[in-house]
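Here the structure comes first, spelled out in structure tokens, and everything after it is commentary.
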């Protein structure tokens, strides 16, 4: 354990040190202006550094500023408060989870169609790739408006955008996974005259499990990105994306960073949850420890 | 109760205090209206929302409304509570800009997304090219804050009196170290936050009646906000879903916005209207003088 | 299989196509003569039901699909909603397209038709069918063009605005995406190689790298604009940040892909680290590196466009898209989206081609499609 | 005697990118009930292909083939045979007993019957006690035996075995050879057995089919004169060595020293 | 005679999750220059481990081992040996000739010398004409020969070969066996050779080391009385069969029929 933790801590410390130094450097010009205006000259370096780490709207907030913003905006607030990042995190999380569920279902369905039908294999794959080259942020507002005009608002449009991003890794992974059984494993079932359904459930599906989980890990992280992007185009209802946006429009850099870190934490937790599900399934499937 | 949906032009803030107060204080209920207020944002075009049927009434700038009318969304102005523009361009004194003639060769920050028309109309009037050619200005798509000025990425930036200008004041800028170009004072203002509806709905007397009651209640809201700025600011903060609105800032904004709004008279001022249309035509933002782009049935009914 | 030589699915599609044509003929009877080409299509489509008795070439299905689509688009009314029986034409030609594609791929699989060439026809037909359906539904159901313009309007706008589109493409793709992509990928590769030398660094950097690659990196776009200014530099910086971690994670995984025995071999030659890296581990990492290059090719474009939403000089695909929505120039927005999709697909395609050339030896390239 | 497998002028050609490969050409062979037939021949001579054709995993391109008097496809659908592949091909996510139960599940046997059959065949291949283990927890030889158990579990009368003992060392191989002989003697199954080892072929078979490549064809069929009951040390008898020598001759004749044939 | 490999009380234990595995215990063995030593024994008895220890791919946990009078590490750095792995381990992105040239590149030979050596060793293993092919375009046997050529290309005096002919059929194996003997006779190399086949071990070796597992140890060392010059049919002589029988005895003694040993 220790030989895993120590390197990570070392690197984290290095990053922190670099960050504090960068904060001094990047916030210095503005601090100079402030000090000049307040007729403060020859500020000792230690004091100057402390000043740059305590600006209201710094170019680069110091780590402790971000941490205290996160603390103030989560633990220190009622969870139902609209200022609470926990509240906004929950909104984003629910869109993420719904979008992830849609995306995984769609991805698996497409993969099944692709491996079972030559025509869909040939016709779908290039367009699925092309679909991912469309800048999602560009169509997100139109999707929100379009769905709004047919009465779908709130969670669903966000979830659909997150689905649009997250189905892709699932299709790609599952097509690979469902095709991963070797010829000999398929031949074996043929000698038993197994039907298509049996081939799917007894061979292809279990063989695809590792691929499914690998792509779900990518997919859930991307789902979160999708939800954030959708919120950038739809300020109503809140969410971490909205906090990023309003933070950006009000020059509230500390707020931006805090929202980013909460999003990062969410992503890490979600990936970890999928990872433990994977471990559990692996155990049930008797994989090597 | 008649259900109406209002699409705001921007995020929930005191710029829309009248509507938010009217909703919060129950003025709409008194008029037997069930109003839903949808906040906007940087990627939401109210014109697109109303064209898709997502709203009944929108708040937008006349330039954007007229441009939309030409691209096939028949919007009609039914009321114009904002009489003046809050738009300004500010230049820190370090840039050495003191008058319009100093502009060429400098970088100016401009908001797009339908907010760029007044600027281009102004430059057009001054004869300053904006296409990057010799003797012209460089135009930058500016973020909705004052960072470009603080970081020196733009020499002059766009601000609203009631919003970003406040941020500039907070940051230690002020009239003594800024050159300020106020669009209204220069006579270059184009009509801002008006209320627009789809043309075909005006054929329905019941709808017109609902609009009339809506405008009436909204103006009551504006009047209330004018008299009780603190309470109005609190209401705005309370109604902001995102939790980003700060009381101090909203209080400042209420104070500034109420200078632009005439709470007693929502009618469209024809002089400003004509000037706006002319500027849009000059700038080729629209190609023909619009017909039927406004109606006074609503405001007349209130008289 | 049955007497018609069709599988159950093809048979169902054939019935659907012929049936829809028959219904179109029946419902369109009252307005006979208003759209002669459609009536002809309905008649021919209904006649295709004769396949129950006679052999019916798959090319006839292809011809019917094409004829139906063209007739339908020509017959679309300029104004107002589309007559109800037109919808049957859409259903019928869609079914013919599907049937054609099914039969075509069956023929390719059975070896009756060559893979190259005909294999390419299928995705093209799918794309065209999508465009036709889009055109017919937006125009036929009178979807407001400010919500979703028909492809014909988008195409008209594309051809009319070539200089603008080109300038935007240069600003976004050539100036922001390509340098950012190159820097991000190279940096990821270099750091991966450096990190790989030290187990300590690897143990420290990898969990953080994995964490970062799961981050919504898009969120840093406003920060980058704040740091690097409005021009392409900030966009390139976003692209660098977005492409760096996938490359790092994949390369590190790839450098471990060489099997123990392949490494032992190097050990028996007393090869030094550099030799082992160049002759074994980097080549073995090839497939992983290309995987990252492919992922990054789509990420890079999205990153640059998103960053342009937070401030730009007044050129660029993201700028045009965001201001286009504000001006309700939705057809221009879609024209930009089309350019982005084409550029992105081409970029992806080029990388995939290079991958085929460089990692020719990998089983996934040697056999079967990718 | 009834014929279980009967091939007349059987041919099979694989079309490939650079020209056709004639994997089988003009094969004539009849295998009767209770026969133990070994196939031997250099790599690529079509041994596996012939077994796969019997199993309806490949379609002949010429000639006729019947299995139990039916077409191979009908025979496969009637679950006429058990196939032991060259590799064990166990499913890694199933325990050994589940792997052995797989064909029974697919053929829809009741749980009780499955359990009973699995128990019996696991005893037969000497794997009792390893029911709950996963394939990777077993040595290569044990995996191979599990795959044999799987093929035996549903008690088909025809066994097709493709180098089942390839991965084992000589001692273990000897042991399994004699076990297989005992099973065959007890159950009267028909067995088609592919091997590279001449002693193994001679020791086990009633008939040895020698094949040769390019194109794959049968060059010799040797009837064994050894008694059915064969102790291990029969392999040092002159009779055994004579048959082995004949097989080696046949093999050497079919073997060209061109590179492609390795 | 100088000793090339000399092991005293050599032991090697692998620590694993569930207890240590003693792969080698108390191995005493001296291999002299020009010896051809075969290692034979059931799966898991430590043959590969012993070869890997000589090659400095594993570190002994007890006892001493010297190679050419040096420590194994020094010997490896001096490029004292060529190693043929159980699997061919060719790099798929290199052509056959590039694969064979790999050690020469690493050892910094000139291009001309590389070309000459590659040509010579490819001829030796009978692969001429396949220079520009990629590994997957060759049959398993040809790949195995390419890996032998690679080990020969830089002309080390000690060859460590781990079941090099495992994947080949009997005829090809016979052929390569005699080729290897010829090479050995011609070049006076020292060869350590792992095999599962008793006839192969007897046919090739001057000495046969019989090993047995759990823990891996040497149970018997049989000196061959066969002459150095060995035609293929020496394998039918009584002398040959006697040695083979003795090896089989030694092997059987070390072989327990518990499952784990399969």
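We call the chains A, B, C, D and E, going by the order they appear; numbering starts again at 1 in every chain.
In this section, contacts are C-beta pairs under 8 Å (C-beta built on N, C-alpha and C of every residue); 3 or more make two chains touch, one makes a residue touch a chain.
These numbers come from a predicted model, not from an experiment.
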| item | value |
| --- | --- |
| Those chains which touch chain E and also touch chain C | none |
| Mutual neighbours - chains that touch chain C and chain D alike | A, E |
| Farthest chain relative to chain E (centres taken as mean CA coordinates) | B |
| By number of C-beta contact pairs, the top two chains | A-C |
| Inter-chain centre distance, chain B versus chain E - centres from mean C-alpha coordinates, in Å | 86 |
| Euclidean distance of C-alpha centroids - chain A vs chain C, Å | 22 |
| CA centroid of chain A to CA centroid of chain D, Å | 53 |
| Residues of chain E engaged with two or more neighbouring chains | none |
| Per-residue multi-chain contacts in chain C, two or more chains | 147, 222, 226, 309-310, 322, 325, 330 |
| Residues of chain A whose C-beta touches two or more other chains | 59, 137, 141-142, 145-146, 149, 232, 247-248 |
| Touching chain combinations (by label order) | A-B, A-C, A-D, B-C, C-E, D-E |
| Partner chain E, residues of chain D touching it in the complex | 42-44, 126-127, 129-130, 139-142, 145, 168-172, 175, 196-198, 241, 248, 251-252, 255, 257, 259-260, 262 |
| Complex contact set, residues of chain C against chain B | 144-147, 222, 225-226, 229-230, 308-314, 319, 322-323, 325-330 |
| Interfacial residue positions of chain B with respect to chain A in the complex | 11, 38-45, 48-49, 52-54, 143-147, 150-151, 167, 171-172, 240-244, 249 |
| Residues of chain D defined as touching chain A within the complex | 52, 55-57, 76-77, 79, 81-83, 85, 87, 89, 91-95, 102-103, 105-107, 134, 136 |
| Partner chain C, residues of chain A touching it in the complex | 3-4, 7-12, 15, 26, 59-60, 117-119, 121-127, 129-130, 132-139, 141-142, 145-146, 149, 217, 221, 224-225, 228-229, 232, 244, 247-248, 253, 256-257, 259-260, 263-264, 267-268, 271 |
